[in-house]
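There are two complexes below, and they share chain A, which is joined by chain B in the first and by chain C in the second.
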Partner chain A sequence: MKLDSSHRPWLIGTVVTIALAGVVYAIHAASAIECPRGDSAVGLVFGVLAAACLLFAWLLSARKRVLLLRVGTLTWWMRGHLWLGFLALPLALFHGAFAFGGPLTTVLMVLLIVIVVSGILGAALQHALPGVMTAQVPREHTYEQLDRMRWNLRQEAYELVVAACGPGVETEAERAALEAFAGHPPHEPKKITTVEGHQTLKEAYTLRVVPYLRGIENGASPLADSTQAVMFFDDLRPRLGPSLHPVASDLADICDEARQMVRQSRLHLWLHGWLWIHVPLSMALIVLMFVHAIMALYY
Partner chain B sequence: MAKAMLPVDLPSRPGDESLSSEELLKISIFDGLKVANLERYPGAVVLRRYRPGEVVCRQGDAGWTAFYILKTEDLLALREAQAAAGRSAESLADIRARAEQLHAGTLAAKTLTESHPHLAAMDTHAKHRKADEVSSDPELAKLLRAAAEAEALRAKAVVSLAIPSRSAARGGSGFWARTMHGLFGLRRREARPSQRYIPIDGPVDLEAENPVAVLHEGELFGEMSCINRYPRSATVRVTAECYMIEMLRNILELLQKNKAFNEQMNTIYRRRVLNSHLRSLPIFNEVNEEFLHQLAQRVQLVEKQPGEVIFEQGAPSDCLYVIRIGMVKVTQKGPGGERVLAYRARGEYVGEIGLMRDEPRMATCVALDHPEGEGEKKRRAGRVELIRVDRDDFFDVVNRFPDIRAKVEAVIAERLRPDEGPAAPRTTLSSRFDDLGLMQGQKLMLIDLDRCTRCDECVRACAATHVDGKTRLLREGPRFGHYLVPASCRQCLDPVCMIGCPVGSIHKGGNGQIVIEDWCIGCEICAKQCPYEAINMHPLAAGDKAEGETVDVSQQAAVCDQCSSLNGVASCVYACPHDAAIRVDARSFFAGIQT
Partner chain C sequence: MARDPGFIWHRVKLDYFRRRPPFRPVKFGLCIGCALLAAVWVTAGAIRSDHSAFSSGAMSAGHRMLADQCHKCHTEAWHSLRDVFGSSEADQAMNRACLTCHGASIGHDPSSAVAFHQASGVDQSSPEPWVGCASCHAEHEGPQRLSAVADATCIRCHENLTESLKTTPFHAQISGFDESHPEIRVLARREPDQAKIALNHRLHLSPLRGRDGSMIQMSCADCHRAGPASAPWPYGTPTRHESIDSLAAHSEPTLQSAYMTPIRYSLHCQACHELTVDRSGERIPERSVPHETPRTIRTFLRGRLTEFAANHPEAIEAAEKPPGGARFTLRELPPKEADRLRTEWVNEQVGLFERLIYIDGKTCTKCHEYGANRDADGLPVIAPPEIPYRWFAHASFDHERHRTIDCLECHATVGSSTATTDVLLPGIETCRACHAPRTGRGESAAGGVSTECALCHTFHRPPTGNIEQPTRSIRDLIGHVAPIGTKATVSR
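For the complex of A and B:
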């Protein structure tokens, strides 16, 4: 989520709440005979407030399950999730008087810290990366479609090369792979007139383009880097007849799109990968928080 | 839509008779035609015999012919001529007996029309009931029964429309979906206007709640398929043994130039279409049957070719036009040039503003059919049919019925709204803005890519909001600056998707949203016409089809309706957690932005 001026009321509210809580805690700590405790009246209030903040933050995932329920926009819920989730940490620290306590409360505090830190990291990533993706991936696809789009690129490249150079033993493996994926053979021209440089193009396709598009040597391939890719195709063109230059340009274009897909995948992972830590730990925290509350009240 | 090539000859089936030109001229609709004209198209017309239960055409099938149900009188004339030539195998005595009975019934119906026009307008069952009620007047009861029996004898086929069951909750029938639906009523159907009648390619309109009607002798159907090659708009099943003339477009065009044919068809329209069509119009909902019948006698059916001007801006306002078939483009000249104000479709009316305000026409109205396109998309334009209600008749209606006056005034107020009417703002923006057609977007969906985390909650919300569980939003499309313009209905100022629907199932809803009704036959015309790929074809599961129907409507068009039945913002926007999805009026939103 973009952290812009629309967050100002939440930011002010959070800062003011932390300040007030800090003052209350300081007064409480100063007046306490021993160290302030979580089971004192003030400590309990902090604990309840922290639990309420965490529950509200957790409710975002429940809210997403009922997308059509008109109980506030998801934007509003997301802002609440961010700021109240963050606020839960200082309140929990005040609740426990900056001590982790026994094993259960230690686990709770560690979980909360990891969750808040991962949340801050996630918020920062989601603030910055959408713009990066917009700039770096102009030919963006739906993430779920990326695998299919890669196959489409492979098929497009194959058909381009075969249309220009004709099929051969070099392209047989790729043809078989494409046929196995699509369930039908790729389109091939009936008649080919051999032109100058066709063997060179075929070799470049088989040795460089296909492995890159298949993802075998993503990092190692010169085509993985845009500058090296430009150099590769600039080097290739003079060795081809003029009629094959547009084919080389199209291949360069295909490789560029494949590079954008790789970049998109990577950025997508950064955008959403942290949730693999944040969400399960949040679930565990909520469960353990209830266990802690019940145990504290019972004993 | 399956593209059908015009065959040289009509395909043959058992019981067909190929008639000579001389024999065709014995049939009343061919009166006045020349033998030479008919002989120019050998094989383009055939007499077919149908038995009860046989299906003449099916809803959604490709069609390129029109059908005329032969009248008993025509059959008699034909058989007598054939008998004179020693050809007929059919008993002339039976046909004569039936013709005499029908003649007596026709005379009774004529007398009834003169003496009790509102009773004459009743359907067969109502006439029978009325006859029982007026037993104290034996003469009237006899007339009613004779007319009803003649009508029943002339009834030859039923025309029906398959509408997928409206009550069945489609998409998501699991425990969770059912519970959520029960608790919150989340999934919903699109907001539906109160459309009572469905126009089809025949001489009747079908009631939306029970889309079945009877076809009688002497009626023509399938003209739109024949002229425009639209898919068949309904299924026609024979109920009584009859003969039908099936003809290709060239024959139908010959007939349309024939005065006698046109008069006959006008009479049928007047009797059947106008009654139901006028009644189906929201403005005439309050009018009683008797007045409506009188009105139907006075209005005129007007036919215009695409591109033909119906009335010019500044011309005297002398009538109201109700659109029966086709579209009307409303344009207005102003200081900045000519601009399109609106497109009006079947069932809507034009010319009411000038009448009510007693002013000259404020806009020009032009008859319009779908774009002819190029290459494979090239189509032949069809005609536009209008019902003309003269000024005096119009004021007769609005003065007698204050509710109707209020409704018309409400429509005028709506049409003159600042964002839709002539005062709507104009904005000149970059050429890319024009190239992407963004100026069309009244509720253009935009996704701010600098905010969007690609979480797809918008797509999920869209799918969740529709009862079929299928999304109307694809998060793919062109970029305009840092905005993505996804494939979703943008509520165009110029909604070309509405042009050419053969069954009138696509129209504008009360909030200006595009609505596709349940009786869509899946012909894909709207999807192909939409320049922004915002209309998707969704395959129908077996359970979505109407019970007992064998018709093969395998898919239906689906379009974003801007969640108009939910209060407030569209679900896609409401469900975006990152404030990235917005719906805007593109002209004001992008005003001044050069991208």
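For the complex of A and C:
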């Protein structure tokens, strides 16, 4: 989510609330005989507010899942999730008077801190990374289709090379793999004319392009780096006949697209990986929060 | 010519969104797993009746053994919830739980479970506001000493006492051990020492001639020592006479190490001020009378003189011989007449000794006051000495902790005091020389010692009336009891 001007009211609201809460806490702490406590009237108000913020933030997932629940737009819920979730941390700190208390409350505070920090990190990444994605991955694909697109690229590269150089023992393994994936053999030309440098191209395809596209030497392959890839294909072209130069250029383009997919995967991991910490811990937090509320009132 | 990968709808599976991504079940399972883990953690403790996970903080050092026995103190369920709705029943129940263990040492009202303040009862028209134990002794704040109460707790009321009390005999506005703290009362009111005993400190601290003729230089510690002394007192000679002593005249029944051992004739005075009435020891073998009440002394004298009369009839015969009359012996007289003469002689001798003791100013009158007051038997009524054991009515002072300081550093006027009425207490400024915020450096440094209220003042009163017989066993304290709502059973 882009942190644009539409967040300004939420930002102002959050800052004002924290400032007000801080003033109330300071007055309460100054007038308290001992350390201010969570079970004082002011402490309880802070606790209830923090719990309400967390509940609202947690309801985002319900709003996402129950699409029929048309109470506010998803964008509005997301903004609320972001800012109220952030607000919960200072309110919880005021509630506990900046002390972590006993085992349950300590776990709660640690969870809350981890969740809020991961949320802030996630918001920052989601604000910044889409721009980076647009700049670095112009041929962005649907993330869920990346695997399929990688097979497509392998098939396209195979058909290009076979069309230019004809099938051979070197390409047999790749052909079998493609057939197994697609359920039918890849397209192969019926008439094959041998041209100058076809063996060199076939070797380059078999030894460098196929392993890279298969992903078995992603990091180590010279094709993983755009500069080295350019040098590789610049070195290859003079050794090929003029009719094979367009094929080499297409292979370079396919490798470039594969590189963008790798980059997209990596960026996607940054963009959504933090959720693997944020969401499960939020579930634990909500459960423990209710337990804490009940037991605190019980005792 | 650029490569043409073909139409996108040929390259992708158009129904991809219908398929659940492979990682989603994993993420869902992780969420459920975390929630379950949290639930299992808290319920496992609850099943084992161990609610320590729900503690709001570490227990104080003194209550550590109760860390996993929440129900020992939290006797009422939904305490905090009731607090929210303004009910004080749960607070009272918790107070009762405190008093279950501490009630034997803290004065309290059993019906309301309120611990009495030191000053309670001074002003009955404005009773103190209800104060729960936890108002001052906040538990679950870590392993600190729970009895160490912050100054703010005291100042809350004492900075404006008239807010909570209609009238108060105490200084109404005290905000700490600073200028707002009043001078020690007896000094502020310039009240004389009310002790009814004659004592000249200057004389006692001057070089004196002892009974054996040698010169003596007394020091403060010869008579004033904190706590029950183990070393012998240089001027005390505990003798056969000691059956009562001046302790009976003191209001404090117990000796505390913080306070000076009360002055006792047998410990502090007798070596020099023996109550000698018969230097020869002829009639009173002990030569002196015991330091007892006049009635006891009379009984003692009568006993010794009766013994003497029985063994020395010649003394009576000589005394009863009429002027110019014939000599006689007691044996010659009828027994009744002999007894009468013996009794008369003893009474006469007792009267002579009592005159020596009470009127001639050589023994009792040296120290005690009794004037012309006489009881029905004509014996002087000696005023109890009432030497103050504690000078501070509402504060305590630990002489033991101050023992490294020369007595005269604080009690500077002792060397010039000639009358009992002189109050030799140091003023509050003397205390502030140390008990004040640290100022200056090196030679000009001052203060730096704690100024906490609780250093001198304690909130609680000792219990009055019948002290409840403690009934708790060690197992009660360290063992487990059933949770709230179930029949309480102590595991043994």
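We take it that the second predicted complex is superposed on the first by the 298 of 299 C-alpha atoms of A that agree within 3 Å, B and C clash if a C-alpha of one lies under 4 Å from a C-alpha of the other, contacts with A are read in each partner's own complex, and residues count from 1 in each chain.
In the analysis below, contacts are C-beta pairs under 8 Å (C-beta built on N, C-alpha and C of every residue); 3 or more make two chains touch, one makes a residue touch a chain.
Please read all numbers here as calculations on a predicted model, not as lab measurements.
When both complexes are superposed on chain A, chain B and chain C sit side by side without a clash.
After superposition on the shared chain, chain A has more residues touched by C, the comparison being chain B against chain C. Of the two partner chains placed by the overlay, only chain B lies in contact with A:64; chain C stays clear of it. With both structures placed on the common chain, the touch criterion links A:142 to chain B and to chain C. Shared-chain residue A:9: touches no atom of chain B or chain C. Applying the stated contact rule after C-alpha superposition, one finds that A:273 touches neither chain B nor chain C.
When the two structures are aligned on the shared chain, A:250 is found in touch with chain C, with no touch to chain B. Once chain A of one complex is fitted onto chain A of the other, the partner contacts of A:185 are absent, as it touches neither chain B nor chain C.
Residue contacts after overlaying the shared chain place A:39 against chain C, while chain B stays out of touching range.
Angle at chain A (Cα centre) between the Cα centres of chain B and chain C in the superposed arrangement: 130°, in steps of 10. Applying the stated contact rule after C-alpha superposition, one finds that A:130 touches chain B and leaves chain C untouched.
Closest contact between chain B and chain C, by C-alpha atoms in the overlaid model: 8 Å.
Looking at chain A, you'll find residues 141-142 touch chain B in one structure and chain C in the other. Contact residues on chain B toward chain A in their complex (touch as defined above): 180, 184, 186-187, 449-457, 460-461, 464-465, 474-476, 479, 482, 566-569, 571, 574-580.
Per the touch definition, chain C reaches chain A in the complex via residues 1-3, 5, 11-13, 16-17, 19, 21, 27, 30-35, 37-39, 42, 51-58, 70, 74, 77-81, 83-84, 135-136, 138, 140-141, 150, 152-153, 156.
Those residues of chain A whose C-beta lies close enough to touch chain B in the complex are 1-2, 6, 60, 64, 66-70, 73-75, 77-78, 126, 129-131, 133-134, 138, 141-143, 268, 271-272. Chain contact summary for the complex, chain A toward chain C: residues 33-35, 37-39, 44, 99, 101-105, 141-142, 144-145, 148-149, 152, 156, 246, 249-250, 253-254, 257, 275-276, 279-281, 283-288, 291-292, 295-299.
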